[in-house]
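One chain, chain A, links the two complexes that follow: it is found with chain B in the first and with chain C in the second.
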Partner chain A sequence: MTIADRQGLRGAFGPRAVPVGVLLIAPAVLYLAVFYLLPLLDIVRRSLVVDGELSADNYIDFFTTPAYVTILLRTIGMAVGATVLCVLIAYPYAYLMTIVSNRTRAVLLGVVLVPFWTSMLARTYAWLVLLQDSGPIKSGLALLGVDVPLLRTPAGVLIGMVQILLPFMVLPLYNTLASIDRRLLAAARVLGANPLSAFAKVYFPLSLPGVLSGGVIVYVLSLGFYVTPAVLGSPQTSLISQLIVQELSQRLAWGSAGAMSVILIVLTLVFLALASRWLNIRALFSREVIR
Partner chain B sequence: MTALRTGRSPGRRRLLGVGATLAGLALLAGCAGSGEPGKPVLTTVGYGGAVDEASFEAIGQPFAEAFDVEVRPDAPLDYSKIKAQVESGKVSWDVVKVEPYWAIQNCGTYLEKIDQSLIETLGELPAEGITECGIPLDTFGFVMLYDHDAYPTAPTSWTDFFDVAKFPGKRAIWNFPTGMALEAALLADGVPVDSLYPLDVDRALAKLDSIRDDLVFYDTGAIQSEQIESGEVEMSIAWSARAVDNVKNGAPFSPVWKDHFLLYDTLSIVKGSSQVELAHQYLSFATSVEQQVAFAERMPYAPANANAKPALDDVQSQFDLASPEIAPQGIVIDQQWWAENFDAVSEIWTKWSVG
Partner chain C sequence: MTRSRRPVLLGIFAAIVGVILFLPGLAVIPMGFNGARTMRFPPDTWGVDWYLNFFTNPAWTGSLVTSFAVSLLAAVLATVLGTLTAFALIRHRFPGKPIVTGLVLAPLVTPIVILGLGDYSLFLQWQLTGSLPGFVLAYTVIALPYAVITVSASLAGVERQYELAASVLGASKFSVFTKITLPLISRGMAAGFLFAFVTGFDETVIAIFLSDPGFRTLPVTMYSSMTREVDPTIAAASAVIMLTTTLILLAYVSLTKGPHASGNARRR
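Coming up: the complex of A and B.
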């Protein structure tokens, strides 16, 4: 919309009328304010009030309790692990999607999307069946002479998380890869590059925005994962969201649970702020920018 | 750009359409279910699953017919929701099934004090299960369950549960401070039954640490069952009525009826409930002989009412907490101690379990 258009619209409603754009987003903003922002502020308030007085005790308790800090670091570690694994699996997959026929591409896309539309709970319980000691994966590995515990280990939790998060990596990555002009590779070859360096110096840098945007989504979603680690993991693999639920429901310690939630939100925002130095965050939500 | 063409395909749109229709129907159903006009509504809350279904069939439905009211079951029980309802003054739950320590701990703050003169069955209920804010509904047992195919000689005590050399294999415990792992550890460590409480938590955790590599935790009853039926564990500190289902489903597990732990599942009334009087009537009704028998036959937790004599099938009898062979072996959990110490022990437990 040009400035002239906008002024024209405003003119139609009189000089003091509210711009149409504001009216259009007002319901969404109002909804978010009432059902998201206000409760969030209440969580912050509760985390800062102990026995009716302003206090940072909940935060001090958190950072001075080694078990809690361990969980926080574990949450970050698992999120990084899930993100790296998603990139490693999704990159070749998305690349394959760009070079196959339309029909094959539709199949490949379907393979990603069908699980995406299936309930996360159902998929997590499916993993429980697959990973258990009497399950097919363990039996398969046993045939090869390998015996590693999967269920209730970090590896088992990561397997479940990665499968659930893969679509969030494949889709943005495919978007980016599909927009890369493959003639650039041909040009690199003509100019003397071997296939590997053509990929490393031309294709890969162009694909980075997709890797980063997919990575940010996967990482941020991982930080808040609850169901998968709860079902596939053990207390020793528990993540911060599980700790928050325990504080909330078992001990009714809402101040402490609130502080943990605020710490998680702040960490996520700090990460997004850092990520935005290398990446236009808006690119996550609009396709044009990823080019 | 060719990206995501499938995302806009008619197939997707049809799927969305179906979803929207289903959502609409669900909304309509929600409206339809919101009660016949004029009838008082009593909302009862349990932990969900088969227990709640049994309780609604045995108690909720007959109560609704007898008193011409609507009984609306809700689940799962979540203590934080009770707290939220009471603190906001918008109480939508009336009768809740809680753990007895919680009924003691939160009596008067989140739970109504019960007018015992309105409970007609009071004389038939066990005195140690009645508290200012709670009436016992049934006996709940934590029992050692073991895989009888795995061990040629059967384990007989908590000492055996902690003896991984003699009885190798994974042991399941509830990831919850009152899941009886602490009590079991102390008994295995040589603490006599009559001096179990006050619990020496550090000593108990040290004992648990001695078999840490063989411990598997469960968070919910469903996962507990899964571990037993899939063969993930060889032993479990299991919920006795769940175990009945596990055995009926073919799990090769047997109970050890020696020093098992008992508590009374407790019915309480949420503070500020708009149906306090009706809720008292429900408590009376739920603990009357007929309802107690009906409930125990569906869900084999022993009735709290001593006059209720349910007819049990073979497997149920094997887990009948009230039977003369089993009942004397049990240890009643000290709920007063737990009410006073739950918060502190819960914090210690969390820090221990996640490490």
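Coming up: the complex of A and C.
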């Protein structure tokens, strides 16, 4: 006890710990109150005050304008699409990471991590060039007899989004898959299960926390995408973030842009509240992964 | 039989995924060497004009310098705030801890357009748009979660015995902190700083709101050359940014691979 007293390391349990903790956390809390919460509150204020009076007109306008509702639904649809695609691509990839040698695993991890870091904007530009009508991907598909437009279509936007979001799915998924005891699969086989049902009844249920954890973060990030749909999409594929910018830059409609922002953030928060038990931001940064 | 066949299919699949993840990154380097003013890929003719333009045209160099300054200052501020916060979260109790943790991480999941709109709305009233302080204050918010997460992870791995030992041997609280704790978490702080820097360096949406013609960051210059005037210099800019961020990633990996970053890390 005396050692701990002299050290001031009574830490979590000492009576003096509370003031120290408060002192340490105060700067960040004050900072975020002024530069995070205040801007958000300012948006809420602008959305609710019309001509100096409290009003819900901006919200009513939004939900009674079919074009706006369409964009909101499209945003949700694209987010769901991006999430599903990320799961479908990341699952086999993360699974492979669990069964290969350490060296191969390091390479597979590097392949996922490098794009995680490289500029999103630079990658989006690259897709703009690669997906264009005279670009290599279109020509490659034409050789296979497939002729589909990619740039300025939802498919093009999805390709760009999935490429950016994939690491957010692979990392938590790998963490979960790596923790599954593979002897359970062998046990299921011994007990008479074929490989498919051993996977479906044993492995997959155990991997669900990873799928959900990655899915939550990918879905939430998808809802707020701006640059990728703006560069790779067209006005016909625009998402809610673009609509918000457009309301402000073209109409200077602060109230309307504010209401859309509030709707978007409520949508995000409601989803996060429902899915919070699966949200594990730290999994993305765990030393297990970054190492 | 099935055992050997499955990994082959998976391997092919993983290779395709790898190409999709890497392809755009690698493609921007030759794109910058296009000899003509087109977006054709692969280019018909080759030249170094766009790389030269990137490093000599004041519109590009100016925004590159601005981006560096803004990201650097925001990363410093975020690392300092983040370290204090990590100490509070890992080592202390205080009222409302779960809510505060949520608040600190919230900018990560807040749609960036909303942050941009809110900052713009507020900074117009405070006359901070198109200014260095405005950018730094806004970027610190989005960089802070990364700093907190990295420093927390590092701090959680510090063995308390080292600090106790120093203290038993007569070190004051202050020198225990500066001579034991701080060196042990310095790699985590450096990693957090790099993460925070890259976050600001690549940020586009808040920058679109806060920039004005006299003060704009590199992503805004790049974005407008993608959407308005098609200036092939953007390919060179993309390649330079890509290489810069990759070098920072390598620095980050070497930091997190160190002996104090992880219990059983091996040097390869």
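Everything below uses one rule, namely that the second predicted complex is superposed on the first by the 255 of 291 C-alpha atoms of A that agree within 3 Å, B and C clash if a C-alpha of one lies under 4 Å from a C-alpha of the other, contacts with A are read in each partner's own complex, and residues count from 1 in each chain.
Note that a contact is a pair of C-beta atoms (placed from the backbone, for glycine too) under 8 Å apart; a residue touches a chain by one contact, two chains touch by 3 or more.
Everything numeric here is computed off the predicted structure, so don't read it as measured data.
Under the clash rule set out above, the superposition-derived model of chain A with chain B and chain C contains a clash between the two partners.
When the two complexes are overlaid on their common chain A, residue A:151 makes contact with chain B while staying clear of chain C.
In the superposed model, A:96 makes contact with chain C only, not with chain B. Look at A:231: by the touch rule set out above, it reaches both chain B and chain C.
Once chain A of one complex is fitted onto chain A of the other, the partner contacts of A:182 are absent, as it touches neither chain B nor chain C. In the superposition on chain A, A:132 makes contact with both chain B and chain C. Greater residue coverage of chain A by touch, when chain B is weighed against chain C, goes to C. Of the two partner chains, chain C is the only one touched by A:123; chain B is not.
Of the two partner chains, chain C is the only one that A:42 touches; chain B does not reach it.
Once the two complexes are laid over each other on the shared chain, residue contacts for A:201 go to neither chain B nor chain C.
After superposition on chain A, the stretch of chain B that runs into chain C among 6-14, 186-194, 258-266 or 294-302 is 6-14. In the superposition on chain A, the residues of chain A contacting both chain B and chain C are 106, 113, 117, 128-129, 132, 134, 230-231, 248, 254, 287. Here chain C touches chain A in the complex through residues 2, 7, 10-11, 13-14, 17-18, 20-25, 27-28, 31, 39-42, 81-82, 84-85, 87-89, 91-95, 100, 103-115, 117-122, 137-138, 140-141, 144-145, 148-150, 153, 157, 160, 163-164, 167-168, 173, 176, 198, 201-202, 204-205, 208, 219, 222-223, 226-227, 234-235, 237-239, 241-242, 245-246, 248-249, 252-253, 256-257, 261-262, 265, 268, going by the rule given at the top. Across the interface of their complex, chain B is touched by residues 65-68, 70-71, 106, 109-110, 113, 117, 128-129, 132-134, 151-152, 171, 174-175, 178-179, 230-231, 234-236, 238, 243, 246, 248-252, 254, 287 of chain A. The touching residues of chain A, when paired with chain C in their complex, are 3-4, 6-9, 11-12, 17-18, 20-22, 24-25, 27-29, 31-32, 35-40, 42-43, 46, 89, 92-93, 95-96, 99-100, 106, 108, 111-115, 117-130, 132, 134-136, 163, 166, 195, 217, 220-221, 223-224, 226-227, 230-231, 241, 244-245, 248, 254, 257-258, 261, 264-265, 268, 272, 281-282, 285-287, 290-291. Against chain A, in their complex, chain B makes its touches with residues 1-4, 6-7, 15, 78-80, 83, 175-176, 216-217, 219, 223, 226, 230-232, 343, 346-347, 350-355.
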